[in-house]
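Okay, got some structures for you below.
In the two complexes below, subunit A is the common chain; its partner is subunit B in one and subunit C in the other.
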Partner chain A sequence: MVFPIIGLSLLVSLVSALLIIVLNVRFSRLIAVAGSAAILAMLLALLAVDLPTGTLAVAESYPFVTAFNIGLDLNLNAITFTLSLMATIVALAAALAGNPEKAREKAANMLIMFFEFAALGIFASANFFIFFIFWDIGVVVLFFMINSLGSANRRYASMKFIIYEIFASSMLLLGIILIYFYTPVNSFNIQYIQAHAASIPLGTQEIIFVVMFIAFAVNMPLFPLHFWLPDAHTEASTQGSMLLSGVLTKFGAYGLLLLFTTLPIAGKFAIPVAILAGFSAVYAALVTMLQHDIKRVIAYTTIVDMGIILVAIAALNPFGEYGAVYGMLAHGITIALMFLVVGCMHHIFGERDMRIVKGVVAKATSTAYSFLLGTFGITGVPLTAGFIADVLIFIGAMQAFGVYGALPLIGLLIIGAFLYFVINKSFMLTNESSESIEYLGVSHKVGYALLLFFMFLFGILPSLLLGLVKL
Partner chain B sequence: MPELLQLLVVVPLVAAAMVAILLRRSHRLAVRYVALGASIISLLIAVTLAFQGPQVQQFAWFSLGNYAVYITTTTATLNMMLLLIVAGITPLIFTYSIGYLKVPSEQSRYYTEMCIFAAAMMLFAISANFIALFIAWEMLGITSYLLIGFWQYKPKAQAAGRKAITTIIIGDVAMLVAMLLIWSTYGSAGADAFNFAYIISQPATTNLYIAMVLVAIAAFTKSAQFPFTEWLADAMEGPTPVSAFLHSSTMVKAGVFLIAVLLPIYAELNLLYIFIIFGVVSALLGAMNALAEHHIKRILAYSTIEDLALMFIALGFGSVYGAMLLFIVQAFYKALLFMSAGSIMTANEDEEDLFGSFGASKNRILLITTVIGALSLAGIFPLSGFFGKIAIDSSVSGLPALYTALVYAALLTIDLASSLYIFRWLFVPLRKPPLNKVTELSINYRTLPKSMLIPPVILAAFVVGGGIVYFFMPGIMAGVSMAAPLYLSVSDLSIYAETALVLVGLFLAYRLYAKGALAGFTERHKALYAALFNEAFINRFYLLFTSAVQAVAKAVWYFDHYLDMTIVGLGMGVVEISGGIRRVENGQVNVYVVGFVIGLVALVLIFAL
Partner chain C sequence: MIAAPAMPVAAAQLVNIGYALVGALMLLIAMAIAAVPLRRRAEAFIASTGLLVFIALLSLYLLGSGANLTVLSVFHLYAFSEFFVALFCVGLVLVNTLSYRYYSNYTGFLLFFAFAVVGMLIVPMANSLVTVLLGLELMAIPTSFMIVMGGKGHIEAAVKLFVLSAIAVGAFAFAIALMLPYEPGLGLYALTSSSGIGGNYLVLLAIILLIGAMGFEVAAFPFNLWIPDVYEGAPGSVTALLAGINKKVAFVALMEVLFIVFANYATQFALMLAFIAILTMFYGNLLAMVQTNVKRLFAYSSISQAGYILIGMAAATQLGIEASLFQITAHVFMIIGAFAIVLWLETQNIKSLDDYGSLASRNGFAAAALTILMLSMAGIPPLLGFFGKFLLFSSAVFGNLVYLAVIGIINSFISIYYYAKVIDRMYRGGKQKSALRIDSFTMAVVLVALIVVIVLGLYPQLLMSAASAASGALLSV
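Our next item is the complex of A and B:
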C-alpha cells in the first residue's frame, strides 16, 4: 500500500474546514494554517522523493458508484502536481496572512479550506465526473466568499459572478455528457477519453470543443466573457481575491489545457483561439490604463496574463504546454501577492484609489517594496517565476505561430509601463504622503515573505518542477 | 559548482547588498565600508580571471525534456576588457559616495541598489549567451530605475525614474522577443541556441533579421540613442555618483557593447547602416543640446549620448577597434567629469545651474583633475580622449563618396561642438564668485572630503596615461575572432583636422565664456537657441505618442464599459419580463379561471378555423 497522498490531502482540507465550523473562532486560523501547511509539507515531501528519479506519477482510486464506473479517481503528474502546489501555497498564504479586513474570520478560514479541497480535487481528478463536482464546489465557495465577506457592492458582484459561472458550469456539464455518450465505451475517465477521442465523429468533436471552450473561457476569463472578473475581484475580500485570481482562474486554464490535449479537432481551432487570446490580452491591457482603483488594475492584469497563457496552450507543443503550466504557477503566486499587498494597503490607508493614496513607501515600506517586487513578477523579470514562464510560453508560441506569437507581449508591455506609473503615483513618491490609519500586522508581512519566497524560488531554481517533465 | 567560477565576480557585491539590507537599523554607516570591501574583492577576482586567460563556462540552468537552457559566461578579450573597466571603476565610485552621500538613513538603500547595479553590469560583461545577458540586462534596468528615482521626495526624480523604466521596458520586450525568436528558429535538443557564437555560426533567415533589428532597438534604448535619448538626460536627477557610474562604465555602455559582440551578424545581414544613420542623428542631437543646456550635469549627459553615438557610428563602419578604443577612454574621462561636477555642486550648495556655479579654482586638486578631464573629452593630444576621437574619425570608410563626405563632415562638426561645449562647461564655473559668497565658497571648496578628491586623481592618472591603450589595442583586438577589421589606419588628415577644430573650439569658448563676450547672445539669437536646445521637441513627441495610446485605451474602455452595461441590461430585461409574467401567477382562483377560459376559447378558435 502506497502512502495515499492525494486522498489524505483532500481529507485534511475537508476535515480542517469542518473543524473550523465546529470549534471556537479562536482556533479557526490556526486550523486553516496547520491544515494547508500539512498539505504543502506532503506535496513538498512527494517532490523531494520523486525529483531525483525525474518522474512523478501518483494514482489513487476510491470507487463509489461502480455501475457507472464513477469514483474518486485521482492522479497527479508533473502538470497537476505543479498546479496543486500553487493552489496550496496560495491557500496557505491567504490563511497565514489573515484577513486585513478582520471580519468574519471563522467563515473566511472555513471557505479557504473548502476552496483548497475543491482546488486539490479538480487538479487531481482523473475523471470528468468529479472534475465537474469539484468545479462547482469551488465556484460556490467563492460565491460565498464574495457575497458574505466582500465590500460594499458585494451582492451585485457576487450575483454577476455566479450567473456567469453557472452558465459556464452548464456548458461544461453539457460537454462532459456529450463526451460520455460519444466515447466507444461510455466513460468519464480522462485518460481513456484522451486515448479514444479520435473515434468521436468530427462534427460532434467540434460541438464538444465549442461548448467546453465557452465554459472554460468564462472562467479563465477571456474577452468577451470577462465582465464578471473586475467586479468580483474588486468586491471580494483580500483573501477572496487571492483565491479567485490566483487559483479559480486556473480551473479554466487547466480545463483548456485538458481540452486541447484531449480532442484531436483542437488543432483546427488553434489559430482562431490564439488570435482571440492575444487580442484579449492586449484589450485588457488597454482597459487597465483607464483604471484608478489599484485593486481593479491588478484584476485586469489577470486577464492579460491569462490571455498569454491561453496563447501558449493553443500553441499545442511541449514548450507551450509546460509554459502555460509554469505561467499558471507563476501567475497564481504573483497575483496572490499583489492582491495581498493591495488589500493591506487599503487596510493601512483606508483607500486604494491611486489618485488619493500617496507615498506608501514612507508609511508602509514593506508593502511598497512588495508591490514593486510583485510588479517584477508580473512583468517577467529574470529570477522571478514569471520569467521562466515567459521564456517557455513565447518559445512555444513562436514555434507555432512564427513571430506573430510575440504580439501578446504588447499587452505585457502596456501593463508593465502602467504599473510603474501606479508605483510612481502612489508608492514611491513621498513629497506628499497619505496618513496611515492602521499598522501592518506581522502576519501580513509573513504572507508577503512566503509568496515572495516561492516567487523567487521557482524563478531561480526552475528545475525543481521542470525536472519532473518527460517529453 | 566549479563551472560557476566566473560568476564569483558578482558574488561579493550581491552579498554586500544582502548585508546592506540586514544592517538597516544598527550599523548604518558601516554599510559603505562593506560595499567598498566587496567591490575590491570583485576587482581582485576580475584581475585573477584576466591572468587565467580566456575561457568559456557553461552550466545548464533548467531543461525541458532534452532542451536545455544554459547560462554561459566567457572571459574572452572584449568581455574581459569591459569587466576590468567596471570592476576598476566600482571601488572608485563607492569611495566617492562615502563623501558624497551623508544622509545616514539612506545609506543601506543606496548601497543595496548600487551593489546590485554593479553586480548586474559585471554579469553583463561576462555573459556569452542571451540568457545570462538578459538577466543582467533587466537587473540593470531595474536598479537604474531605483537609483535615478533615489530621492523619493523629489517629484522630478521620480518622474525621471519612470521615464527611464518606461523607455527601458520597450527595449526589454524587444530583447525578449529577439532572443526567443532566435531560439524558436535555431533551437534544437542539446544545443545552447542562445549562445552568441552559436548564432553567429548559423545561416541567416528572415527571423534572424527581425530579431537583430529588435536587438538594435533594445541597444538603442539602453544606450539612449535617437529616438530614446531623453531618459538619459532626465536621469541626472539621481545622485551624482550614480550618474558617474551610469555614464562611464555601466548601463549605457551595455547597448554599444552588445552590438560590438554581435557585429558579425549585423555585417552578414547588411544591417550596419542603421547604426550609422541613428548614430549620426543622435550624435548631432547630443552635441546641440549640450551646447545650449544650462544644467551642469545634463551637459555631460548629452555629451555621453554624443560619445555613445560616435561608438555606434564606428560600429556601423565595422570598426570594432575604433568603437572600443573610445569605449575604454570615455569610461575614465566621463566618470572623472561627473565626479568634478558633483564636487562643484556640493561646494555650491547643490546649485544645478551652470551659471550659478562659481569658484571652481579654489580647490587645486579639483581644478587640475577637472581640466584634465575636459581636455581629454575635447580631444587634445596626448590625453586619451584624443586617441578615441581620431579612432572614430578614421573609421569612416567604405561608403559612396557623397555619404562618406557627409558623415565625415558631421563628425568634424561634432569635434568642434564638443570642444566648444566642454570648455564652456569648464570656464563658466571658474568665474570669480560674487563678493558676498567668496568666504563661504572658499570654505566649501577647501573642506571637500578627501574621499571625493582621491577617486578623481586616480581617474585623472588613467585619463592621462590611457592613450597607451591605443598602442596595445592591436594586441588586445588580435584575440577577437571577428570578420571586422582589426587595424586602423589613422590618416594624418584626421589628426590635423581634429586638433585644429578642437583648438578653434577652445578659442571660441574662451572668448565667449571666460571673457564674457556672450552677454545677451541667447536673447539675440532665439531661433538658433531653440534649434539647438531641441530636447523639448523630443519630449513633445513622447507625449504625443503616449496620448495616442491613451486615446486608444479610452476608446477601448468605453467599448468595454458599454458592452458590460448592455449585457447587464439584457439580464435586467429578463428580470423585468419575468416580473411581468410572475404577476399572473398570484394564487387567485378567479384569475386562473379567466386564463383557462381565454385559453379554451383560443384553442377552439384555432381548431375551428
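Our next item is the complex of A and C:
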C-alpha cells in the first residue's frame, strides 16, 4: 500500500498537539477531536481494505539516525493494528468527552494528542530504539497529565509515577543496549532480533529477559511493582486515568508480548511468570475488596486484568498471544469507559466514595447504566469484547498450563462479584439517593456512547479483527 | 592531509582560512582592549559576537571540508579542534549575550572575556603540551577576574577558583616535567613504546597528576568540592561560563593528552577514569537530591554530567570518545540555557526551590524551557541529552564495561528525582504572584539552547557525524 498511513497518523497527532499549543483555547478540543477522529478514520479504512484479504501488513520507513542504522521504521500487523486502534479510540473518547473537571482544557487536549502520538509510535515501531523513544514520550506526557491536571494529592502521585516509570525505562534502555550489542549484526530491528535471538548466549538472554521483564512489569503493572498505579490512577484527571489505564499499561503488556516472542529463553520463564501473573491478579482482586473509593476500585481491577493478560502472554501459543491482544483491546476500551463514568459521577455528586454516593441511577441514569455495561465488559459477559478476550485467553492458558490455566479466573470472579456489589450499593438502589450538584454534559454521554459502541462492536463482531489472524 | 587529493587549490585556501581564524582571535583581543577606553558597550558587544560567530563559521567550514593543517606551526587545525572551536564559539556567544545584560561595566568584562576566549580556543588547537598548559592558564586567570568584577561579595569565589586553578595548572606542569625525559619535544604525539609501558612508574605518576589536575577543572570526584561554592558565588553569567565552557575546555585538554600522548597507556588510565566516573556520578546525583538552592542543584547536576562524560572516555574507543563529544555538546547548551533562566530568576530574588513554586503561572515560557532542558539533562528522549547518554552507555557496553553502563543507567534514574522535584515545584499552583517579565537577552539565549536541544535531539545525525569525524581525528593524530 503506497498510502503512508502510519507516518501520516503520527504526523496528524503531532501537528494537532502543536496546533493546540499555538491556537486559542476555544479550538483545542475541536482540534483534538478532529485529529484523533481523522486517525481513527484512517485506521478503519485500512481495516476495511485489508479485512477481505485476511492479512494486514503495512511497513514504512523514514531515515532517522543513519550512523547507527536506526530508521523511523514503522509497521502495522494484526497485533499492532489492534492496539493502535484501541489507543486511538480511547484518545478520541477522552477528547470527545472532555474534562469533567473543566480545568486547563488546553493543556489537557495538548497532552492527549501528544500521548496519542506516543501510543501510535510505540505500537507501530519496528525497532527497539524508537520503541524506547516513544515509550519515554508517553511516560513524560502522562507525568504532566497527572501533575498539572490531577486532583488534590496529584504531586505525590505524579512523583511516584515518574520515579517508577523512569526506573522502568532505565531498565528498558539497558535491555535494549544489551540486545543491540549481542545480536550478530548489531541491530535494533525487532524482526531481525526475533529471527536471530537464538544466537545470543543463554546466560545473556536470561539477564536481558530479567531486566526487560522488570521494566515492563513496572509499567504493566505486576504484583510487587504495582504501587504507583492506585495513586496515579486515583489522582489523575478523568482523561488522564483513561489514557493511563487504557493505553499506558498496554505499553508494558505489548512489550512483554514482544519480549516473549523475541527471546527463545522466554519459554524457560513462562511458568514462573504465569504463576506470578496469576498471583498478581488474585492479590489485586482481594485488595480491590478493601477499597471504598470507586475510582480506586477501578484502578485495582486494572491490575487484575493485566495479570490475566500476562498469563495469556506466558502461554506462548497463538490463542494466548492473540487473546492477550484482544484482551488489551477490550480492557483498554472498557476501562476507559469505567474511568469516564467514575469521573462524571464524581463531577455530578462531588463524591466518589461508595459509602456516600447512593442511587446514582435516579439522578444520572446514563452514567449508572454505562457503569453497569462497563462492568459487563470487565467481567466478560457475552456480547462484550471482554467475553471474546476471556475466551481466547483461557483457551490459550489452558492449552499451555492445563486446568491451572483457569485459576486466574478467581481474580476475575472476585472483582466481578465486588463490582456488582458496588453497583447494587451505589448505583441501582434508589431507596435513598445522593444530591446531585451538577448536570452531565452531552459530550460526556457522547463519550460513553463511543466507548460502548466499540465495546459491543468488537464483542458482537470479533471477526472484524480476528479475521486478520489465523488461530 | 585528509582534504580531497584532487584539489590542491582548495587545500591552499583552507590554510588561508586557518590564518583568518587565528587572525580573528587576535582581532578579538585588540577589539576588547580598544573597547575599554572607548566605553562603547553596544558596539563592543556586536563586534565580539560577530567575531565569535565568524570564528565558529570558519571552523565549521574547515570541519566540513575535512581540513587538517598546521597554522603558524603552533595551531593544529584538524577535525577534533575544529569541532571544539565551533562548539565553544557558539557557547561563548550565548555567555557573551548573558554578560552584556549582567555587567554594567561590560567593556571591562569583555577585556578579560576576550583573553579567556583565546585561552579556551588555544587548548583544542594546541599541538604541544606547553600550548595546552598556556591555554589553560590563559583561561583560568581572566575567569577569576571576571568573578571579582561582580563586586565585593564575589571575592571569596574568585579566590577559590584562582587558587584551585593554580593548583591544577601546577599539577599539570609537574606532569609535563615528569614526561620530559620521554618526550623531549613536548609535542602532542604518542609517547614512544621505548619509554617502557606498564613498568614505568614515572609515566603512570604523570598520568595520575594529569587526571588530578584536570579533575579539578572538569569537576570530577574527589576534586570537585569547590564547584557548588564557586558556582553559587560567581556573579551572573560567569556561572554559565564556568559550567558551560571552562569545564569542557578541561575535558578537551584531558582528552588530547590522554588519547594522543598516553595512547599506549589506555588500559591503565581507562581504569582510573572508570573509577572516577562512578564516584563522580554518584556524588553529583546524590548530593543534588538534597539541595534546596536551585543554583547549587544545577552545580551538582553538572558534576554528575561530568561523570557521564567520563564514561565515554573510560571506554577509550572511538565510539566512547564520540559519545563524550556528543554529551559535551549537549551539556554546553543544556547548562547554559538552564543557568540563563536560573540567573535571570536570581536577579528577581528567586533562588530557593520554594521560590520556584508556581513559576509556571508567573512566566510560562521560563518554566516550560527549564522543564525541557532538565528533561534533556535527565536523558529523556527525544531530546539531545538522551542521545548523548544512549551513546555513552552503548559505548560502555561495547567497550566491555557493562558495569559502567549499569551504574550510569542507575544514576540517570536517580537524577530524575531532583529534576522532577523542580518541575513539580514550578507547575505547582498556589498563591497567585505577580507575573515576571523575561528580558530579551535571556530569552534569546534560552531560545537558542532550546532549539539546539530539540532540533538536534530529533535529528541527531548531524552532530553524530561531526562528533564521529572529530573523535576519529583525535585517535589518528
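As a working rule, the second predicted complex is superposed on the first by the 468 of 471 C-alpha atoms of A that agree within 3 Å, B and C clash if a C-alpha of one lies under 4 Å from a C-alpha of the other, contacts with A are read in each partner's own complex, and residues count from 1 in each chain.
In this text, a residue touches a chain if its C-beta (ideal position, glycine included) is under 8 Å from a C-beta of that chain, and two chains touch if they have at least 3 such contacts.
Model, not experiment: these values are computed from the prediction.
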Partner chain(s) touched by A:I163 [first = subunit B, second = subunit C, both, neither]: both
Partner chain in contact with A:Y420 - subunit B first, subunit C second, else both or neither: first
Partner chain(s) touched by A:I20 [first = subunit B, second = subunit C, both, neither]: neither
Touched partner set for A:I177, first subunit B, second subunit C, both or neither: second
Which of subunit B and subunit C A:V403 touches, first, second, both or neither: first
Which of subunit B and subunit C A:I137 touches, first, second, both or neither: second
Which superposed partner A:L392 touches (first subunit B, second subunit C, both, neither): first
First (subunit B), second (subunit C), both or neither touched by A:V469: first
On subunit A, the residue positions that both subunit B and subunit C contact, one per complex: 163
Subunit C to subunit A touching residues, read off their complex: 360, 375, 378, 380-382, 386-387, 390, 393-394, 397-398, 402, 405-406, 409-410, 412-413, 416-417, 420-421, 423-424, 427-428, 459-461, 464-465, 468
Subunit A partner contacts - residues on subunit B that touch it in the complex: 61-67, 69, 134-135, 138-139, 142, 145, 149, 152-155, 158-159, 161-162, 165-166, 169-170, 173, 176-177, 180-181, 183-184, 187, 207, 210, 549-550, 552-554, 556-557, 560, 563-564, 567-568, 571
Touch list for subunit A against partner subunit C, complex: 63-68, 132-133, 136-137, 140, 143-144, 147-148, 155, 158-159, 162-163, 166-167, 170-171, 173-174, 177-178, 180-181
In the complex with subunit B, residue positions of subunit A that touch it: 160, 163, 224, 227, 283, 286-287, 289-290, 318-319, 322, 361-362, 376, 379-383, 388, 390-392, 394-395, 398-399, 402-403, 405-406, 409, 412-414, 416-417, 420-421, 423-424, 428-431, 462-463, 466-467, 469-471
